[in-house]
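Paired with chain B in one complex and with chain C in the other, chain A is shared by the two complexes that follow.
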Partner chain A sequence: MIIELGHFALFIALAAALLQAISGLYAGHTRNLTYSNMANGASDVAFIAVIFSFFVLVYAYLTSDFSVKNVAENSHTLKPLIYKIAGAWGNHEGSMLLWVVVAAGYGSSLAHFGKSLSFGLKARAMGIQGLIIAAVVGYVVFASNPFLRLDTPPLQGNDLNPLLQDPALAIHPPFLYLGYVGLSLVYSLAIAGLMEGKIDAAWARWLRPWVLASWVFLTIGILLGAYWAYYELGWGGWWFWDPVENASFMPWLLATALLHSAIVTEKRGALAAWTVLLSILAFSLSLLGTFLVRSGVITSVHAFALDPGRGIWILMILAFFTGGGLLLYGLKGAKMASDKGLFAPISRETALILNNLFLVVACFTILVGTLYPLVGEAIYGRAISVGAPYFNAVFTPLMSVILLVLPLATMLSWKRAVLVTSSKKLVWVALVAILGGLLVAFLAKNKPMSAVGIAIGIWVILAAIFEISNRIGLGKMPLVQSLKRLQGLRLMAIGMFLAHLGVGIFTISAVIETSFKTETTKGLASGESVVFGGYKIKLDAIEASEGPNYYGDKAILSVRRRNDAFAMSPERRYYPAAKMPTTEVARHTNAFGELYIALGEPSIVDGRAVWTLRLYENPMIGWLFGGCMIIALGGVLSLLDRGLRIGAPKAKVKP
Partner chain B sequence: MKRRDRTLILIILSGLILVAASIFVAIAMKKTVSFFYAPQDVAQNPPKIGTNVRLGGLVKSGSIIRGAEGKIDFIVTDGMAEIKVEYVGIAPDLFREGQGVIAEGQFISNDNFKASRILAKHDENYIPKEVATALKKSGQWKEPTSAAKYDGGRK
Partner chain C sequence: MRIIAFFALVFAFSPSFAQTQMTPAQEQRYNQLGQEIRCVVCQSEPVATSSAKIAQDMRDVIKARIIAGDSDSQVRQYFADHYGEYVLLRPQINSATWALWLAPFLLLFLGGFVVSGYFRQKTPNISGDDEAALKALDEITLK
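Take a look at the complex of A and B:
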């Protein structure tokens, strides 16, 4: 019964979302307050209805109701509680339900927190958001219903894919969707602005908190995914340029560009049309990402069993919103006469334009690489694949340019700047960075590109530190006074500092991790040992291990390096319900890297069981993920800045 | 500077960057793109020895030999032809006999392949598109039977 209520709530949500769409758009057209209130109310109804429906699904998982097909296929009575809950979105139908929960949540929060928005803009944005919710709820109801019942319920379920039974991956989809789908509201605001015919500094001011929030969530979501891939898959890597990974990275790149261009639009009233275009494209790429992940048109190492037939629906939604948005942009975008802020060729505006151009081009090259296998087959007459070598070849140089320009941009003043004065301040930073690069080149021969990468990282980090200490007058006045100044700094300024610092830390770590990691494969029988990277690793024994829904083999390793001795125990698990093995790696972390060991399958050599161990030494890996966390933290601080509160009063700078 | 000039410069600049990027992309693509081979393709279209390609098909039943130091030998078949594959490392969790597989690496002769990576799957029911196509061509294709025994397959 309750299951049917959950299903029924989706129909209510569909009706409410349609009402929200119609009344919102109509209110925007007629400036009628009643209809606008109706749209706001409808958004709450839609949100409550999908939340209810979502909780019903979670309830079905918690109670292991195997009469529901979705639960029978993805759950098991013995599964730990947290994965029963996470199982609700660890599958196609449930994850699409989560998608609409987030979309309706954003719609409803615009209704409540967007009080300072101009009447027409808000009403129309509510309308467009309603349209998006309706389209995806419609898809869930008619093509991907999570509440389908089985005629003969099985006694036990199939269990959630064991690779997904992991804490990082349990929260990865919610974060990713809070990011992806947050861009839907950015899109709605952009379309509403186009319909209003008014894209100005105030519009950008309303847009920014939503962009920033989506971007923070997306950053954390991608980070969680990469971290999961790193420790759960047992391949020792964290990024594979796989289509599914690219699908989340492309919207992130555009959201990053948007974050910067919206600042220009808000502060200087320039780049308005460009910011609108980015908003439309960023959401389009989110939808494209959903399509690529959910349709399986491109072979991915992260792919799960899929139904290509459903992809068509998502493709239609994608075509409608992208096509419609771009059409409207073509009709109205050129007439945006609000580009008022003039600036000289050397100015912060220009530097941010460069940042935007390169981010968009980087996104474009990834898009080409990701979709090329689809057209490649037609060109070459056979299946092809585009792998990491392509992406490394095109993406790395583009990113290097962005990172080289970044510190300069933070030094340049708005409107008009003198390059010499601004760059003079950075001469010492540049010198130290070059020296650092030379040192690396000298120490590690035959790795010139790594030296360049590390120099760029030092450049970004030192420039960020230099910039903030300049602002608080560190060293130029008593320390107490400097600290007071730091306290007085806008959170936004500290956020920018942290984000750029994080980028620098990430860059150095990623370069070092990629160029200096070592790995080897070794077969060991009980009692044998291997020397790897200064560690002496001895296989003491293989023990049987057992959990609630799995059993497995666990290697007991004793590891020694100089005076340091510790135990590690990588494991191979087998999940009988899902009929799948998994690798549980063992990791030993210190300040500058970690020893990472995966256990393979045994083979019988001379009558003894020899277990394969895959050993990795990954330098700087903790700093790599830490750098991403710092980037996200920078975003959070900016979001907390009083000027960026969603309910912030009117824009200070009138164009 | 006049607004129109500025816009013009911006458009030219972005155009230039885009053109440069496209040329760059095309060169990188030409250098790095890798072809997919099913075992039956090798006879008609012999691969260049020593270039990176992907090989896909089914792991022949009874063909996996695990040696010391993580060495794994197995045979990839599509029912029409067979290729011997050698690999060193830990195979992905779902690497099994009778299952679909994609190996990245190089042909060392027309029927020997040295794999540098075996593509993992995260899901038992997932079959890479290229492998499915190759199997359909050779008539070896069977609809994947889902682990969902009670309804004979996922919808």
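Take a look at the complex of A and C:
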């Protein structure tokens, strides 16, 4: 019964979202307050209805109700509680329901928190958001319904893919969707702005918190996914340029570009049309990502629950919102002529345009690479693979340019600057960075590109520190006074500092991790040992391990390096319900890296069981993920800046 | 598909005891090439990170070719000849992939064109007087 209520709530949500769409758009057109209130109310109804549906699905998972097809296919009575809950969104139907929950949540938030928006803009944005919610709820109800029943319920379920039974991956989809789907509201605001015919600094200020929030969530979501891949897949890698990873990374790149261009639009009134275009494209790419992940058009290691029929639905939604958005942009974008802020070719505006240019080119290069196998198949009739080596080769140089320009951008003044004056301040920073690079080149032979990468990282970090100390007058006035100035700094400024610092830390760590990690594979019998990277690793024993829904083998290793001795125990698990093995790696971390050991399969050599160990030494890996955390933290601080909330001009309600 | 391969060939990962050991430099090349050759039965994985039996065999081939003295491109070519260009995760430059490799340059060129167009359109006409005034302003503010 309760399942049917959850199912029914989806229809209520569909009706409410349609009402929200119609009344919002109508209110925007007629400036009618009643209809605008109706749109706001409808958004709450839609949100409550989908939340209810969602909780019903979670409830079905918690009670292991195998009469529900979705639960039978993805759950198991013995599965730990947290994965029963997470299982609700660890599959296609459930994750699309989560998509709708987040979209409706953002719509409802705009209704409640968007009080300062101008009347027409808000009403229309509510309307567009309603349209998006309705389209996807329709898809959930008619093509991807998680509440379908089975005639003969099985006694036991098929279990969730054991690779997904992991804490980081349990919270990875919610974060990713809070980011992905947040861009739907950014899109709605952009379309509403186009319909209003008014894209100005105030619009950009209303837009920015939503961009920032989406971007922070997306950053954390991607980070969680990378971290999970690192410790769960057992190959020591953290980024594989898999189509699904690319699908989340492309919107992130555009959201990053958008974040910077919206600043230009807000502060200088320039680049308005461009900011609108980016908003449309960013959401289009998150829809495209959903399409790629869900349709199975592109093979991916992440692909689960593939169904080409569903792909058509998502493709239609994608075509409607992207095509419609771009069409409206083409009709109205050029006529806006709201670019009031003039600036000289050498100015912070230009530096941010360069940032945008390279981010967007990087994004579309990844898009080309991701889709190229389809092109090869369709046009040339040849099966072509585009993998990590391609993406590394094209992405790294583009990013390097961005990182080289970044410090200059923070030093240039708005409107017009003199390059020599601004860059003079950074001479020392540049010298230290170059010296650092030369040192690396000298110490590590035959790694010129790593030296360049590290020099760029130092350049970014030192310039960020230099910029903020310059701002608070560190060294130019008594320390107490500097600290006082630090206290008085806008959170936005500190946020920018942290984000750029994080980028630098990530860059250095990623370069060191990729170019200096070592790995080896070794077969050991009980009692044997191996020397790797200064560690002496001895296999003491293999023990059987058991959990609620798995059993496995656990290697007991004793590891020694100089005076340091510790135990590690990598494990291989087998999940009988899902019929899948997983590796649980053992990691020993210190300040500058970690020893990472995965246990492979045994084989019989000369009558003894020999166990394969894969050994990795991954330098700076903690700093790599830490750098990303700092980037996200910078975004959070910017989001907390008072300016985003109180500084926006108050709307005049014209009933 | 991957799951089936994963399951069916679960005993695949066993150490290979080739007669000749690789030098550290060769081992580095081996690890690098393992990332560039695609496992033929997997969804989207290089042989270096696949547990499939065939991936192990392909890794052994890489090792054998390296020990036999092949260069990196000879190893790649060997795989392209035997399994088709599909196995190369770093696509070769040929008639079917030139657009792929040219894409970043084309996009950058296009973007640069748009940006420069923006500046041509935006740059205000500065008269002689203005120029003198701006120069004076520069001297005051930027020095």
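Throughout what follows, the second predicted complex is superposed on the first by the 642 of 655 C-alpha atoms of A that agree within 3 Å, B and C clash if a C-alpha of one lies under 4 Å from a C-alpha of the other, contacts with A are read in each partner's own complex, and residues count from 1 in each chain.
Just so it is clear, a contact is a pair of C-beta atoms (placed from the backbone, for glycine too) under 8 Å apart; a residue touches a chain by one contact, two chains touch by 3 or more.
Just so it is clear, the structure is predicted and the values come from calculations on it, not from any experiment.
Of the two partner chains placed by the overlay, neither chain B nor chain C lies in contact with A:22. In the superposed model, A:45 makes contact with neither chain B nor chain C. Look at A:255: by the touch rule set out above, it reaches neither chain B nor chain C. Contact with chain C, but none with chain B, is seen for A:237 once the two complexes are overlaid on the shared chain. Applying the stated contact rule after C-alpha superposition, one finds that A:314 touches neither chain B nor chain C. In the superposition on chain A, A:582 makes contact with chain B only, while chain C stays out of contact range.
Contacts of A:73 after superposition on the shared chain: chain B is touched, whereas chain C is not.
Look at A:421: by the touch rule set out above, it reaches chain C but stays clear of chain B. In the superposed model, A:152 makes contact with chain B only, not with chain C. Counting contacts by the rule stated earlier, residues 233, 235, 299, 301, 303, 339, 342-343, 345, 353, 357-358, 361, 364-365, 368-369, 372, 376, 380, 382-387, 389-390, 393-394, 398, 521-523, 579-581, 600-601, 603, 610, 612 of chain A appear in both its interface with chain B and its interface with chain C. Of all residues in chain A, those touching chain B in their complex are 69, 72-73, 150, 152, 154, 158, 161, 163, 233-235, 296-299, 301-307, 339, 342-345, 353, 357-358, 361, 364-365, 368-369, 372, 376, 380, 382-387, 389-390, 393-394, 397-398, 521-523, 578-583, 598, 600-603, 605, 610, 612, 614. Residues of chain B touching chain A in their complex: 1, 3, 6, 9-10, 13-14, 17-18, 21, 24-25, 28-29, 31-36, 41, 45, 52, 54, 66-70, 88-91, 93-94, 102, 104, 119-126, 128-130, 133, 144, 146-151, 154-155. Contacts from chain C toward chain A in the complex involve residues 2-3, 6-7, 10-15, 27, 31, 35-36, 38, 42-46, 48-49, 84-91, 95-97, 99-100, 103-104, 107-108, 111-112, 115, 118-119, 122-124, 138, 142-143. In the complex of the two chains, the chain A residues touching chain C come out as 233, 235, 237, 240, 242-243, 299-301, 303, 339, 342-343, 345, 353-354, 357-358, 360-361, 364-365, 368-369, 372, 375-376, 379-380, 382-390, 393-394, 398, 417-418, 421, 519-523, 579-581, 600-601, 603, 610, 612.
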